[in-house]
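Letters are used for the chains, namely A, B and C, taken in the order the chains are written, and counting of residues starts over at 1 for each.
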Amino acid sequence: MTRFVGRLVLAAAALAASTALATAGTTTGPNGETAVPAASVTLTPEQEAKIREGHYTAGLAWHTPSDYTAAVDRGAKDEFERLGIEVVAESDAGFDPAKQKNDVETMMAKKPTIILSLPVDPDTAAEVYRPALEAGTKVAFVDNAPKGFVQGTDYVTIVSDDLFQMGEKAADAMAAAIGGKGKVGYLFHDANFYVTNQRDGAFKETIETRYPDIEIVAEMGLADPAKAEDVINAFMLKNPDLDAVYVTWAEPAEFVLAALRNNGDDHTRIVTLDLSEPLALDMVKDGNVAAIVADEAYAIGQTLARAAAASLVGEKLEPFYAVDAIAVTKDNIEDGWFKSLHREPPASLTGG
Amino acid sequence: MSAAAAVPASAPPVLGLHNIRKEFGGVVAIEDFSLDVRAGEVVALVGDNGAGKSTLIKIICGVYPPTAGRILIDGGDVRFSDPSESQARGIQVVYQDLALAERQPVYMNLFLGREATTGPFRRLDRKRMIRESEELVHGLDVRIPSARSTIRDLSGGQRQGVAIARATHWASKLVLMDEPTAALGVAETQKVEKIIRGLRERNLAVLVISHSLDQVFRISDRICVLRRGVQVGVRNTRETTNNEIVSMITGLQ
Amino acid sequence: MAGKLAQLRSVDPSQYIVYVGFVLILIGFSIVLRDDGFLTTRNLLNIVQQTTPVTIMAVGMVFVLTAGEIDLSIGPIVAVSALLASLVLRESFWPLGAAVGLLAGAAIGAVNGVLVAYVRLPSFLVTLATMGFLSGVARWITDLQSVPITNDTFNAIFGAGSLFGVPSLLIWTVAIVLVGHFFYHETRYGAHVHAIGDSAHSARAVGIKVDRVRFSVMVLSGVAAGLAGLLYAGRLHGARYTLGETDLLTVIAAVIVGGTRLNGGVGTIFGALIGSLLMGLLNNGLILMGLSVSEQLMVRGLIILAAIALTLREARR
């Protein structure tokens, strides 16, 4: 949960710079860049050999610790290891842009060839990465780039998750869970955050265009995550006979699950985004949760590392790459969990 | 008593207390207390525990305002709202708890609130404070390892010595002492009594609280007895007896 | 002879142990990281510059702790001051922006001071409450938005500029530490701060205006945090509501490791500087050692614990 709430805070700052919000059918970057599939970043064996010969080094300057950061971190490190690039420094800013600036400055003492980072505050981040730029270090970002930086000259690229695909897959998973027809509820994030807006919008659009027999009969916005529980209790009380509910992310979905359990409701299915152990546990025990859609966080790190390495051998890169999303259900829980976080799922989900 | 005799009889008393009354939330602690203390005179204040002796000292130096009554210094009315005002008039107190800053060195305690400074930036003149402290402590025959020692590292007697040295150094008129020898051994007590006699020779007025009647008879010129907040009488030390004072304190004839 | 011995004995070990620890860790890193750019002038200068805001808040905190109080609200004061300064800088010239930042710190410190000294509430609770309130204010001022600063003069004075080749953050560190040391150790005011933290009752009995001194240390701490806010804003060319959020514990750790007592009466400014540099040294060295983030946190925690254990254990007799 820290992962998502954390990124909400980041998104708040990103908003200032972001001009393009959800557009139909595609994911766009913070500045309206078109998303290119992450899988398209590839290296030829010759390029890889050349990179290995370079004995390059890398620093990783993350924003805050979480499941998500850990998965991105593992993806980047594994890819660097494969390419013979040594990770010489790693840091965590704890959401503090001043700390992130210190971290990057400190890393520069080791003169890394590459720095991968998720900027805490795009508005003030230009100063954070300036020492790296001046030293000629290649910088590549997760999710967002510093305001005023130009892709291709100042930084390599941005890699993020495919927000539209996440919402779309949530809609497909819900349709599968209720047999393609029924009355459903829609709990969206009622705030101007491009991450949640794109995901929620994609879900709604997919249901409306792809599933004519599914009707959204009730919808409600969650403005303040801290007050989600009250809103959800009222919503579930007013709509007792839903076949399924879409919830904008895992934490409020946990409240929905609690409300359903209180009412003794074992009919209504839940579909939500971002992995959460309590929800997954309910899912494997055939409870209310039908599917959890996750992004391939590991692949974000992997792609980012590969893209940065590619830039060292003169490869031209697109400004914005997005990784795939996976709908995790009871049937693919081990596989899905591993694909997203590159880690075995918690023992509670596989042991029993 | 030669010094006392040198003061013209016409001079007003250094300290005049007229009909002092003090209540704490309706409870009467001091009732209609009057007393004069003259320059070069040592007056002992005696009475049982809870008789109001310490309260009276705190009223004089400005810790507590009296509920009613007048305080006169050199014949003029005063009203001290805190101890710094009484200090400015040359009044010093040796409190029962000594009022020392335990983690500070001896010299800082001796100069607490009146630190010496030097130069245009008014830097603390530590050298001077240390030097004067050593002289002072030496002069009073108080044995401490060094003026730089921290109070915490001193014995009870040494601490009492520092508190007395501070009061006697800064007083120019009146010294109030609350049980100045309570924590001391025989030899140290003798030293303090010598100090008190020295104050009288410097022509200061001294009001001292003591539980030891033997001591009171050794050092005082007059004895004032307080019983349950009421002043029951003042006697010239040379004209009274131990028995009389005891019966005044206890109220048993 | 006996006097000299007593003089030696009266020097509190907690006051110098931080220097020993600092030198040991510096030597340790110099050996381990000899090939990793640790001992370059650039890197060592980075450490001083990165710790400047913490050092300045630590100087304020030494006064507050010595006076027997605490100020938990410095973190959000940093953010509020930085945000207000950068808003003013949008419209106006830099001295006004800087003045507004400092005044914001002073005003918040004055509110803390009135509540502590005159309403007589415990500073722990007062500043706990103002910390929460100000965190809200910092979020509310710009509705979570960052404010960029484009004034080059401001950014040079409070950030990456230099004077005769000396980086301005280094100048700020040296200036504030020297001024702080002077007032703390060399003036009557400093002596009174010590006295009221040692025994407020005794200080009052000798005529020190205890309430006034208490009030003043809270204002001082507010101004120090306000200045720290300006320095962060100058360094980042902008302000954000999260600035300073994580600094409180670093500042307190720096001050305590430096030999200042949590319960008042004893402290040192130079020790706080060394404590602050030690914190920066640890951040820097542990990152350069290539440790993972979890390892960095664990090692740093253990070293700080060891330093505090040494400082406080030696102090108790």
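FYI, contacts are C-beta pairs under 8 Å (C-beta built on N, C-alpha and C of every residue); 3 or more make two chains touch, one makes a residue touch a chain.
Note that the structure is predicted; figures quoted are calculated from it, not measured.
Undergrad: If you average the C-alpha positions per chain, which one ends up nearest the average over all of them?
TA: Chain nearest the centroid of all protein C-alpha atoms: C.
Undergrad: By CA centroid distance, what chain is farthest from chain A?
TA: Greatest centre separation from chain A goes to chain B.
Undergrad: Counting in whole Å, what is the centre-to-centre distance of chain A and chain B, each centre being its mean C-alpha position?
TA: Chain centroid spacing, chain A to chain B, equals 77 Å.
Undergrad: Would you kindly tell me how far, in whole Å, the mean C-alpha position of chain C lies from that of chain A?
TA: Centre separation, chain A to chain C: 37 Å.
Undergrad: Averaging only over C-alpha atoms, locate the centres of chain B and chain C and give their separation in whole Å.
TA: Measuring from centre to centre gives 43 Å for this pair.
Undergrad: Give the residues of chain A that touch two or more other chains, as numbers and ranges in rising order.
TA: Residue numbers touching two or more other chains: none in chain A.
Undergrad: Mind pulling up the chain C residues that touch chain B in the complex?
TA: 2-3, 6-7, 9-10, 182, 185-188, 190-192, 194-195, 198-199, 201-209, 261, 265-266
Undergrad: Can you name the residues of chain A that touch chain C in the complex?
TA: 9, 12-13, 16, 62, 65, 87-92, 94-99, 101-103, 105-107, 109-111, 120-121, 123-124, 126-128, 147
Undergrad: Across the complex, what residues on chain B touch chain C?
TA: That would be residues 63, 82-85, 87, 93, 95, 97-105, 108, 112-115, 117, 121-124, 145-146, 148-150, 153, 166 of chain B.
Undergrad: Which chain C residues qualify as touching chain A in the complex?
TA: 36-38, 40, 42-43, 46, 50, 53, 144-148, 159, 232, 235-240, 242-246, 280, 283-284, 287-288, 290-294, 296
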